[in-house]
Amino acid sequence: MNYHLKQIPERTTKPRTTGFTMVMDKGLSIREVEDMLEISGDYIDIVKLGWATSFVTKNLKEKLAVYKAAGIPVYLGGTLFEAFIVRDQFSDYQKVLDEFGLEYAEVSDGSIVLDHDRKCEYISTLAKQVTVLSEVGSKDAEKIIPPYKWIEQMQTELDAGAWKVIGEARESGNVGLFRDSGEVRQGLVEEILTKIPEEKILWEAPQKEQQVWFIKLIGSNVNLGNIAPNEVIPLETIRLGLRGDTFDYFLDKV
Amino acid sequence: MNYHLKQIPERTTKPRTTGFTMVMDKGLSIREVEDMLEISGDYIDIVKLGWATSFVTKNLKEKLAVYKAAGIPVYLGGTLFEAFIVRDQFSDYQKVLDEFGLEYAEVSDGSIVLDHDRKCEYISTLAKQVTVLSEVGSKDAEKIIPPYKWIEQMQTELDAGAWKVIGEARESGNVGLFRDSGEVRQGLVEEILTKIPEEKILWEAPQKEQQVWFIKLIGSNVNLGNIAPNEVIPLETIRLGLRGDTFDYFLDKV
Amino acid sequence: MNYHLKQIPERTTKPRTTGFTMVMDKGLSIREVEDMLEISGDYIDIVKLGWATSFVTKNLKEKLAVYKAAGIPVYLGGTLFEAFIVRDQFSDYQKVLDEFGLEYAEVSDGSIVLDHDRKCEYISTLAKQVTVLSEVGSKDAEKIIPPYKWIEQMQTELDAGAWKVIGEARESGNVGLFRDSGEVRQGLVEEILTKIPEEKILWEAPQKEQQVWFIKLIGSNVNLGNIAPNEVIPLETIRLGLRGDTFDYFLDKV
């Protein structure tokens, strides 16, 4: 840190298993990646190339090389996995992971109907090739999954070999874990936490209020995802009780 | 594309007459322009320097040179045209176009009252100098133009020499084609399309939901404008059915 | 300016005492700072490193050097001052200002309870070391300070040695001077202006509608703050009557 302040909550350091931050890159240029890493690379644990943006992004290999040089793993958004699955191109997807030297992958069913046993098979097959993040929750605001189902799916996906399970939110933060308004489905989150260890969960929380809510519930070292590149530094200050939103909260605790 | 996926809607390629994307640059630096072009230049068909931002932007000539080298035409926002007209400086405006080597220009009346015949005269005069885009629709949310008038104005402006007509939305997407809430005036758009060929129209649609709506109505190769620089890649995935919003839609079609 | 337009409101130039623009940098990289200064440096009078972002920003000294070379003063957000005060580390805060060569500082009580006499003592102590901006208004949307109190506090803080007083808004623009919805507390602002000279006030106004409102009330050369880096050019056009929002307004006046 740049100077000394007393009573700052302890933060985990890299390689983190809790307290990690997943950034959503939805089309950064190489220089923009360099800029983000220069200023906030220490606080970025993993990067998702949002949905299927990798399909149309120029200089993809050069960009992946920049992340690799910084020791930051990258995975392709779950929608891309689904795009391959729905076209019956799973083996092509596996080749893409190899060709681009990717060591992480996401398995999801936010936009397709996928039998849950079949989803778990994909997880366990891919887990032999890469580290798998699996995602629970639909991108369709109409599809409300009850809490016991979230828990059941998360548990079986972890059992199938997922490294972590992701709670869905999209870039906008208004589906899955959240209501249309962006408000957290609090009962859902609290019920999940009674059964699934929090270090196994990556909560997508793109909006500041959502990040604050999770940090107050779980602490500085909650795993948060879908963070926009220019919100990494602000998020870090919220984790440390150094922004108005959590200022009081941590003073009482540390 | 970076890998192969089956059943992807066909996209037009440059030089496009349909399916083109107009980006709004409201003050990018030269390096930011370079970054945008590096990552998404193939998907950008024309750039608008929003409203009168060109008046206060430093290094304007150097910036225009970067776009020119990439083969991407640039035009100055219609509000600037209006600023010259309202000050009775039309010939000065023509000189500005020359001095900066601009080959496209916008004629609009979103912020001024301009007799429609007079507007068409400006279009036909400028059409001898540059390629003209003319814009229909007011920036004033209170001024509702009925559909028959939109059609009449669009047609006479095309007859006067406009290359394409633009449906107004502003940077925010809440006037002209859209309601205060950003919702599309669907009846208006559908009625326009019964009379004006869609390849002659450039729909300003800055919000994602607006882009999705037009793509579902008209297809992947609809002309869309006022796209923010960091939304070019996301828009391209929506056009291709590779983001949640149009994922199902195109699968049924291709 | 890049070309000549008649009837443009006169703008102050650097060093400005009115009409100045304060930008909020919440974690720009060095290259992003360079880009912002290249394109809009002439319109930026002072930069705030938002709240305590300076605590976690890498290469802080190098970044400050870029601002210094451009002749643009930088200060650390008031929340950082409060973080030191609440930990009883005021003298450490003074050392931080020295160590980083800062010539401006903010004194605020947006997130802490601070006796007002004590606040004024901090202002007068710091005023011997640096130029002080003091801020009035809470970050807590529930805490409504009545107008007479705003005025009393602003006046005593100026008397204590503050160079300018800041009206609080946060990055989001929905507390302090503004209602939850972002709407200006008009009566409050107008009452303040009956007592405090407007050149002594810096109004935080991150949202476009807020900027427009202040410009229409006070004029092109109102002091505005919490401007996002990519909104500096747009703001400049609003000040000059060259965006739809103030287009008519200034035509009648100039």
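Order of writing sets the chain letters: A, B and C. Residues in each chain are counted from 1.
What we mean here is this: a residue touches a chain if its C-beta (ideal position, glycine included) is under 8 Å from a C-beta of that chain, and two chains touch if they have at least 3 such contacts.
The model shown is predicted, which means the values in this text are computed figures rather than measured ones.
Here the C-alpha atoms of chain B line up with those of chain C after a rotation of 120°, rounded in steps of 5. Where chain A touches chain B, under half of the residue numbers in use are shared by the two copies, so each contributes mostly different positions. Once the centre of each chain is set as its mean CA position, chain A and chain B turn out to be 35 Å apart.
For chain B, the set of residues touching two or more other chains reads 31. Looking at the complex, you find that chain C touches chain B at residues 1-7, 31, 34-36, 38-43, 230, 232-234, 236-237, 240, 242-244, 247-248, 251. Residues of chain A that touch chain B in their complex: 26-32, 50-60, 79-80, 82-84, 86-87, 89, 92, 96, 99-100, 110-112, 139, 170.
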